[in-house]
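Each of the two complexes below includes chain A, the first together with chain B, the second together with chain C.
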Partner chain A sequence: MGGNKPVRETALKKIALRWIIAFAVMSLLPFFVPHGWLRVLIIANFLAIFAMSWDIMSGYTGYISFGHNFLLGISAYASVLLIHHFDVPLYLSMPIGVLIAAVGGVGFVLPTLRVRGPYFTLFTLGLFILFERIMITLGPITGGTRGLFGFPTVLKGAVPNFYLTLVLVFAVAFALWYLGQTDFGRVLNAIRLDEDVVENSGLDTTRFKLLSFLMSSIAAGIGAVFFIHYLGALCPRSVFAVFLLLNIIIASVIGGMGTIIGPFMGAYIITIILEGLRAVAPGPWRIATYAAIGLIIFILRPRGIFFEIQRLFRRRR
Partner chain B sequence: MKFKDFSEGGGNRKDMAKVIETRGISKRFGGITAVNSLDFHVEEKEIVGLIGPNGAGKTTVFNLIMGVLRQDSGDIIFNGTNINNYPTHKRVKIGIARTYQIPKPLKEWTIFENIRISMIPDGIKSIRRIGGREEDIRRIAKETGLTEYLEKYPDELPIGALRRLELARALANDPKLILIDEAFAGMTKEEIDVISELLKKKRKEGMSFIIIDHNLEALANIVDRVIVIHLGRKLAEGKLQEIIKKEDVKKAYLGE
Partner chain C sequence: MIEEILIVGLATSALYLVIALGLVMVYSVGRVEDLSVGAYLMVAAYIYWFLAEGGPYLSLPKGAAIIITILIGSAISISVYRGFIRRLLDNPTAVFISTLIFSLIVENVLAGIFGEAPRSVHPLVYGSVTIGGITITLNIVIILAIAWAITIILITFISKSYIGRAIRAVSINPRGAMLVGIDPEKVRILTWGLCGALSAVAGISLATHTSISTGMWILPLILAFIIVMIGGLGSIGGAILSAHIIGFVGAFTMVMIDERLRGVFGLLLLLVILIFRRRGLFGRE
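And now, the complex of A and B:
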């Protein structure tokens, strides 16, 4: 998997340069890409944040969560409900939403951290479904299945929103990628490989898992509040959709789990595939073709696209 | 140390401090009693062999000392402190390390990194500080004969080297006591000699060891004392040469 050695000072400059180049290239996109596609890339940026925040927990530690939407949901609902019912200003409701994701995420997952494998996955899935039901049931407060709309957005227009999300996605990507390169990330990776060995090395695995989940929750919460205040409308489907969960996981898997950059790339790839297919494969055929493409990439390159790119560069040297 | 040489073995060192002591520890799995009110201790600078037939409960004893399993009753005392409620990582931090019967290297990590993991700071500190100093890792690799493998991955190593990696990782924890589960299995004569010398050297430096092994010949070379367990009970204890002559020990080993 990615990053076999932690960042050494010598390599830092070179790596920083790569990040800057990537950011610069992508910030030129609005000059070449039509506005319709720019909106697609905005969604790709959000998906990338969700996928990377999933990756720092599940991709690194191997604790596969099917409950990422739970984190997205509680932070998005928290922010919107605060605005809708208490007239809390946007600049307060959004950080509170992120805080709720952190507290809720850690609070609910804390008891499950001793549970391994499928039990953990099932618990997180249960959490996700439970909260979707609760939000629907609390119709008078949450707007039920119809949801709430008419609340403020952060910015208007495709170009400003593209730049906003680009800055966000790069900030989250760099922070999580950096974490992954430190010994902290190494330990998370070791937990996936063999948790007993990590514990036997004098490291408190529960604490590491908790920290990784906390970071995952915060990143997911940041993505979710900006996402919902980009859409300007909130309904259970916008955050609790199973399709969104699948996209998050597929982006991470075909991009390369446990690499952060992989899920970033994966999010772009699948968003572009999904949009591109609109023209050629109508209706259900679009989803079927998308699933098939995803599956083929996974079968041919199970370690993910980022791993293959790294290998390509290594061979060239 | 003019009059007595503590560096070499001997079961009559009553004045030495006990590194670890178990008091009546028992562990049951369903109807099977894997460890049955077992009392034993290991002194400072002592190498103790833990022997017994397959299924005697040797590895279970290690798992109990490490806190991987919790005993149903009894106490485990390390350096005078009751560690019954310590989780595994805390036991490692206060100075107990172990190796696995079947080597468990981190397969995607180099040997260098596999040794380094024991030096990574715990918790949030691991974000700011890179654990381990290269010279320490190289020293441990040299001691365990792994220098040539440092940049290799575990699947490129022979079984003997993987066992030595287990020991290297344990040493990297800077422990006072190491539990070695199968020290010599799969090793060549030369490897056994190297490891034996290393253990003796570490004993001189103040470490203690409990070693599980079926190779009594290799054990005889290094242990100060052996404890024989059978069906979870202590069958005998003392000098290896005397112990293996006992009738009940023979019976336990050979059946009949």
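And now, the complex of A and C:
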């Protein structure tokens, strides 16, 4: 399942079974886990969506984006502002938010697709910071640094929300993972390895990059609108925090970039680490310890935990 | 107004230029971007404050505090390089990500030790001077002078001295440099040390100019990065020009429009320049 091997017909049943088992096991969690932890797992699910949507773009093509918050931000703000100023119902504002992420994301990134390597990364970081500043400066419309609150949530209560996010995260995970297994995913992988070779072999890399960014934007948009309508409050810090960006990246890299399932696992791992440290290390020490653990895992196992698990299983066989 | 923009612009440009020069040199010899320069800068600012003003036992003379801080700054950057950047040199993406995570660690360790509240630092020198009708603090003048002195010394060092020529040789072709007896690894260690020292100077200047806080690494890092990118990776001349573009645009925004929009126009400028010249103004295609 490394993303570079085709799914054979015979293996298809086995893989489908694995997905179903994983989903079934996770859906039993509310019966064993206290409600406090359920809320933690809900956040983990959202983080997983964000990380996987980052992965289909940055993990696959190697174009490292530091601007994922920009996508999260525009869709969340679009949905909330529509509700707040125009009384648009929730079932309309959320799809519009996703649409804005797709259109805005691709529109803004269109000029950057020529830009490579660190230039691309800085460009996306620039978009993110720029948009944050604009949202803060437009105080009368966006609520400034205090933000907006009191808008409707999709569901209430920990258990319904857990199932909602579980369905969401699995839908996104399966869709993106499947995408990664197709020829499309293989081209994206090839772009990461050597873009010039892909271009010389007659493929329009810009189109592929654009498509992968579109997929990333849509997935990020879906995650962001559900996230913001789970929280019920929107302020610049909830979508534009550098810490959120770092969490997305750390989840992806320790899970394994370019695997979709890796970032999914990574999101759960870092959430558990962060929660587990709450009792041991207070305040900033918790985040310092967590980041240090992430850094050490990344340096020692740059290909990620998912890759190591796969290797472990292969050796057993 | 115009005089204020001029002075603030010149001083901030010079300050960010010092950090950007470190990044330019590190990129030249390592072909990677070290995003922990903001962290080096912040650590230096805190160490300087701790040494110079850290209570009754530790109030070293400012000169001694500065020298010790610069030494510690280079030590930290060299240990970061030897610690993990060296293992990842063939993977610029990994360096990007790991150095960013490292900055997050440093931020929170400092917050854990010194608390998250910002602290004010005394200026290097007290007093003010009046030039052309406006009054500016002597501290800004000193910072400006130090930054330019460092820039000129650095450029002379790189173009004239033996070690400087070795640095340039490694930046052009590490294998070729090896063939004529230069050890690229030694050159890289030295360059990272220099980068740490430059960041430390910038950190001390920034601390005495404003204050220190655990979030102070982000803005200088982004601005220094914008400067390096607009100038073109690895181009010192480009960095000097773009530092002044960014510095003056920032000063103009701060004085004439709105303090909160300080970074915005610099960023817009970056986005526009990158759209038209994807390797910056002086970058090699």
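Methods note: the second predicted complex is superposed on the first by the 316 of 317 C-alpha atoms of A that agree within 3 Å, B and C clash if a C-alpha of one lies under 4 Å from a C-alpha of the other, contacts with A are read in each partner's own complex, and residues count from 1 in each chain.
Assume a residue touches a chain if its C-beta (ideal position, glycine included) is under 8 Å from a C-beta of that chain, and two chains touch if they have at least 3 such contacts.
Just so you know, these numbers come straight off a predicted model, no measurement behind them.
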Regarding the shared-chain residue A:211, is it in contact with chain B (first), chain C (second), both, or neither?
first
Looking at A:287, would you say it contacts chain B, chain C, both, or neither? Reply first, second, both or neither.
second
First (chain B), second (chain C), both or neither touched by A:200:
first
Looking at the overlay, does A:107 come into contact with chain B only (first), chain C only (second), both, or neither?
neither
Where does A:152 make contact in the superposed view: on chain B (first), on chain C (second), on both, or on neither?
neither
Residues of chain A that touch chain C when the two form their complex:
62, 64, 111-112, 114-119, 121-123, 125-127, 129-130, 133-134, 136-137, 242-243, 246, 249-250, 253, 283-285, 287-288, 291-292, 294-295, 298-299, 302
List the residues on chain C that touch chain A in their complex, please.
33, 84, 87-88, 91-94, 96-98, 100-102, 104-105, 107-109, 111-112, 116, 214, 218, 222, 225-226, 229, 233, 258, 260-261, 263-264, 267-268, 270-271, 274-275, 278-280
Quick check on the complex: what are the chain B residues that touch chain A?
66, 68, 87-90, 92-93, 97-98, 100, 104-110, 113, 117-118, 120-124, 126-131, 169, 172-173
Across the complex, what residues on chain A touch chain B?
1, 4-6, 179, 182-184, 186-187, 189-190, 193-194, 196-205, 207-208, 211
